[in-house]
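Look for chain A in each of the two complexes below; its partner is chain B in the first and chain C in the second.
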Partner chain A sequence: MKCAIDIDVRDVEELFINIDPIQAGGRLTPDAMKAAIAYGDGYSVCDACQKPFRLDYIKKPPIAQFHTDLAEWLNMDQVRVVPGARRGFQAVASTYVEKGDPVLLTSLAHYTEFIAVEQAGGIPREIPKDEKNHITPDAVAARIEDVIDEFKRAPPLMFLDHVDYQYGNVHDAKAIAKVAHQYDIPILLNGAYSVGIMPIDGKDLGVDFVIGSGHKSMAAPAPSGLVATTAEHAERVFRTTRSKGDITARTFGIKEVEMMGCTLMGVTVIGMMASFPHVRERVKHWDTEVARSRRIVDALLSIEGTRVLSDYPRTHTLTRIDTRNSFDKVAEVHKKRGFFLSNDLKKRGITGVIPGSTKVWKFNTYGLTEKQADHVANAFVEVARENNLSVS
Partner chain B sequence: MSRRAVDAIFQALFNLSDLRALMRETAPDHAMDDEQRQRAATYIEKTKRQIAIVEEELIR
Partner chain C sequence: MKCAIDIDVRDVEELFINIDPIQAGGRLTPDAMKAAIAYGDGYSVCDACQKPFRLDYIKKPPIAQFHTDLAEWLNMDQVRVVPGARRGFQAVASTYVEKGDPVLLTSLAHYTEFIAVEQAGGIPREIPKDEKNHITPDAVAARIEDVIDEFKRAPPLMFLDHVDYQYGNVHDAKAIAKVAHQYDIPILLNGAYSVGIMPIDGKDLGVDFVIGSGHKSMAAPAPSGLVATTAEHAERVFRTTRSKGDITARTFGIKEVEMMGCTLMGVTVIGMMASFPHVRERVKHWDTEVARSRRIVDALLSIEGTRVLSDYPRTHTLTRIDTRNSFDKVAEVHKKRGFFLSNDLKKRGITGVIPGSTKVWKFNTYGLTEKQADHVANAFVEVARENNLSVS
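Now for the complex of A and B:
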């Protein structure tokens, strides 16, 4: 079925259980779908935009109130919505990093953090992970000392992935922030896999910036996200323009430099707003989500030869699994080679595992109902049995 | 201009969005329990009512 010329309807979520590792937390709520219908036009939120002509001042629809509510929810002082977490990284890096500055990030950091550092002229320095794929406070302290030795100054900024995209491990942000602050280094928490699916208290964690992704974890259309900060840093990162035209003498009032004036217009911000009451509620049920994740991981581990590479028992719904000694053994002799797994899952109404992957792969169980979680757990075991793998 | 027809079109689309969400909730087999069947029936009924308003306003 087409929704327009040469554009197929996307009915993946209606026809399948989707366990794609990056898509789970971004599925729209029904209210966000309705908002998308009503606010699809480009400048749809600008009907009642009045002086001082900035997105976060718009009262109808209540975008201004949304900013206040977001800050309160994250226990931070100020928030701006941005086109994706990456644009939040960019705004903070551009403010704090000068050319040639060392910037700390971790060996589990997302590529967009590296790019934000590079764009600002910074030099990335990675904090190593330990044998359990964790970033520890001790490793952070040691790396800061290394960097100070090398550059004769402390880094002006550190990035930490609250939950890393590779293993879905939850890192000890509070203890790490404490170490960074001992060296007066502001810390940016990348909450792309936490803000919107699990409870976050920025002040309690002691971080200076909390970045979230709307399309990854806040049931919002892409590209959307947020950057939240404390009163201490807000004035700097949300500074307003001082530009003046040399011919026209024009100035641009309260437009914010790092936000490029207005940021998240139309369907993206309205979709985020429409989902927000549901998001605020759903983070309270994180334990249920983790329990369902554990059930599916345990089903996979009942298949002989399968290993989980993420923390076990799971504390997050994103998991990295190693099936080199189980499903990949089947792939070696199967007529469909590595594609048998995704094919067999698809026959059972499950999608999101990269076709051909039978070695090391990831999946995310966030948002599945109880019945869907059981279906996925049973499907893995059935596929294993059908292919003569031993199940305990 | 018919405000009533425009409202009914949006309301019908919103009811169908609720039905779409139910399809997601029950994927992949869409085997519904009693409560889900009741919700489906309600969304369908509400959609029919809105379509009737659109017909009344725009065609009859």
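Now for the complex of A and C:
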């Protein structure tokens, strides 16, 4: 029989240093890889499922304990795992937003937040960023007032990207949450670029929901993620089904409506679990990660004409860089055009920069070793020198 | 550092013949296992993502081709992969059902259908089963009339379990779809126990949606599944986002609202893809699977007092059996009580019967080889004989 689908083995993480903006925090740990092999089969974690028949109650493997540990780690009261951060946004928006409700998000919000609002029938209203690409508490207050003027009521929900996907800037969630709460607006922290790589204390930040992505930042297979919340909000967002068969009178136990019952029944939850001890440890070394990010950004800035568009000095590993007056000048005359940069990097064992990009682009240094960070920093400088850009 | 989470290697599929009702069709193929190892990392399939930036357009690995192949295989027009069949129910219910709308499902409907209706704000109305545990076209027509009387309008959607989870009976989807269409009601076929194990021709059945489960019946990791639909309905259920940033004027391309953008970005879609050639082949041998199911059910029925509650002769591999007058009589006097059955089976290398169950229970013989089927059949008879039940 002919095998209709030809899937090449993916070896990019073995052969290259990958600085792709979205992939750095989602590489599996060796323990997650081992667990994924053992739990690849469909419903593999359901062998020991018992009353009350819900994923987060399973004791063997210790999924129940994992949920408790996650909540404690984030300093929140309750956690559920979900198929990606976006499914967490959907669960919360679907619970809090009625058709026609205004919902606040920011000018740096990820598209999945817009879609969660749209899916719930809400109307998105953006909070402007300032000239430094930050969301300020003042801008939040002003925009809440605007929305109240426009809709004659406060928005039932606000989204904030803890670290935005465009610049990798870390926003002041604590001060912003305080403002939102002055208007009694629950605030959802999108931690897709923070939960699993930076330390997070939900109660200290004062947010109502912390949402994380397993495949983006918790070294887990896709789709995976989590919703953490307070005891107050857990009752609403994790409400159990009230459905009843009108003929059979069947009821459905403690299955949760927004979770659609169980969520990650195999390799995804096991991958998150197996990586978790490593993830919990790695967030403690965030300063080292930031130092390596700075090392590489400084190397780029030593190339004449290069600018960093993200906060500088860097406070995150995701960076937006402007090389229109450096690498793009080379591209204008290079026989390979803009592809010279990704090619020259690839020769040096580095991948993840979109082939052809030499204008404004992003990269993520998360998880590089000291040696790898040095190598990447030197590679940028070498490529610049070889192409006659001056380096200071 | 102490590893906080202790995950035992799962070896049940290597050490035992597993007749668990929900796990039989979700065991990975060796190709899926290999692909899972290569694509375990978070966003592993996103290396070559290009405009228009959506999972089902990715050419390397051939995810776009996989979507086309799935649609052709099911004889439907469009397919998307989703994190489990339940997420497919949610996508369709959310699109078709407004708050307060009645939604038809059956007395044998899976709980996730009820939850999808509840999540969309609909009101479930069950179609009764007949004395043979079948959903008949007449019962469907009668219940539609009831609902129209009650709500003064037809339901906007009807769910039908192609094969129900309670009895493993195969229902007459074609005749039922015809009735639903006489009232212009779109019909969703829940193929969690059929797509991937039985041949399906969506156009021949005349249904509007075919929903399948990767982890239940397509030899794929969890959570995975698919929504297949017609060209007519694809426009609605797969509508693209209309969101726009009111300050930034950002728009979000062709991301689909109900899919929340992309769905299965790594091991889940790759697992489905790698198993697909095998799945496409295996559905052609459904008659062999049914023959083995019959072999085992006949062995059980040879034990005095045993009854089969599912259709007989069997037309599926999932079976509900009543051993209240056979194995449960043993349990009443056995020192291990009801646990003797699962224990005695385990000694013979068979697992998946809930420990302690000797009254009414379910098992699934899907995927057993001829030898394994013989062994399971003989094991039931041997356990009966050893416990002094008479066998005819």
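The definition used in the following text is that the second predicted complex is superposed on the first by the 387 of 392 C-alpha atoms of A that agree within 3 Å, B and C clash if a C-alpha of one lies under 4 Å from a C-alpha of the other, contacts with A are read in each partner's own complex, and residues count from 1 in each chain.
One rule holds for everything that comes next: a residue touches a chain if its C-beta (ideal position, glycine included) is under 8 Å from a C-beta of that chain, and two chains touch if they have at least 3 such contacts.
Not measured: the values here are computed from a predicted model.
S.K.: What is the contact status of A:Pro199 with respect to chain B (first) and chain C (second): first, second, both, or neither?
M.R.: So A:Pro199 meets neither chain B nor chain C here.
S.K.: Which partner does A:Gly305 contact after superposing on A: first (chain B), second (chain C), both, neither?
M.R.: neither
S.K.: Identify the partner contact of A:Ile37: answer first if only chain B is touched, second if only chain C is, both if each is, neither if none is.
M.R.: both
S.K.: First (chain B), second (chain C), both or neither: which does A:Ala116 touch?
M.R.: Only chain C; A:Ala116 stays clear of chain B.
S.K.: Looking at A:Glu13, would you say it contacts chain B, chain C, both, or neither? Reply first, second, both or neither.
M.R.: Both partners, chain B and chain C.
S.K.: Going by the contact rule stated at the top, is it chain B or chain C that touches a larger number of residues on chain A?
M.R.: When the residues of chain A touched by each partner are counted, C comes out ahead.
S.K.: Applying the document's definition of touch, where does A:Pro137 land relative to chain B and chain C: first, second, both, or neither?
M.R.: It touches nothing on chain B or chain C.
S.K.: Check whether A:Gly261 is in contact with chain B, with chain C, with both or with neither, and answer first, second, both or neither.
M.R.: Second partner only, chain C.
S.K.: Check whether A:Ile350 is in contact with chain B, with chain C, with both or with neither, and answer first, second, both or neither.
M.R.: first
S.K.: Common interface residues of chain A with chain B and chain C?
M.R.: Overlap of chain B and chain C footprints on chain A: residues 13, 27, 33, 37-38.
S.K.: Would you mind writing out the residues of chain C in touch with chain A in their complex?
M.R.: Contact set of chain C toward chain A: 1-13, 20, 22-23, 25-28, 31-44, 46-47, 60-62, 65-66, 69, 83-84, 86-87, 89-90, 94, 107, 109, 111-112, 114-119, 124-128, 214-216, 219-223, 241-243, 245-248, 252, 255, 257-258, 260-261, 263-268, 270-271, 273-274, 276-277, 280-281.
S.K.: Show which residues of chain B lie in contact with chain A when the two form their complex.
M.R.: Spelled out, the residues of chain B in touch with chain A are 10, 13-14, 17-18, 20-21, 23-25, 27-29.
S.K.: Spell out the part of chain A that touches chain B in their complex, as residue ranges.
M.R.: Those residues of chain A that touch chain B are 13-17, 27, 29-30, 33-34, 37-38, 348-350, 369, 372, 375.
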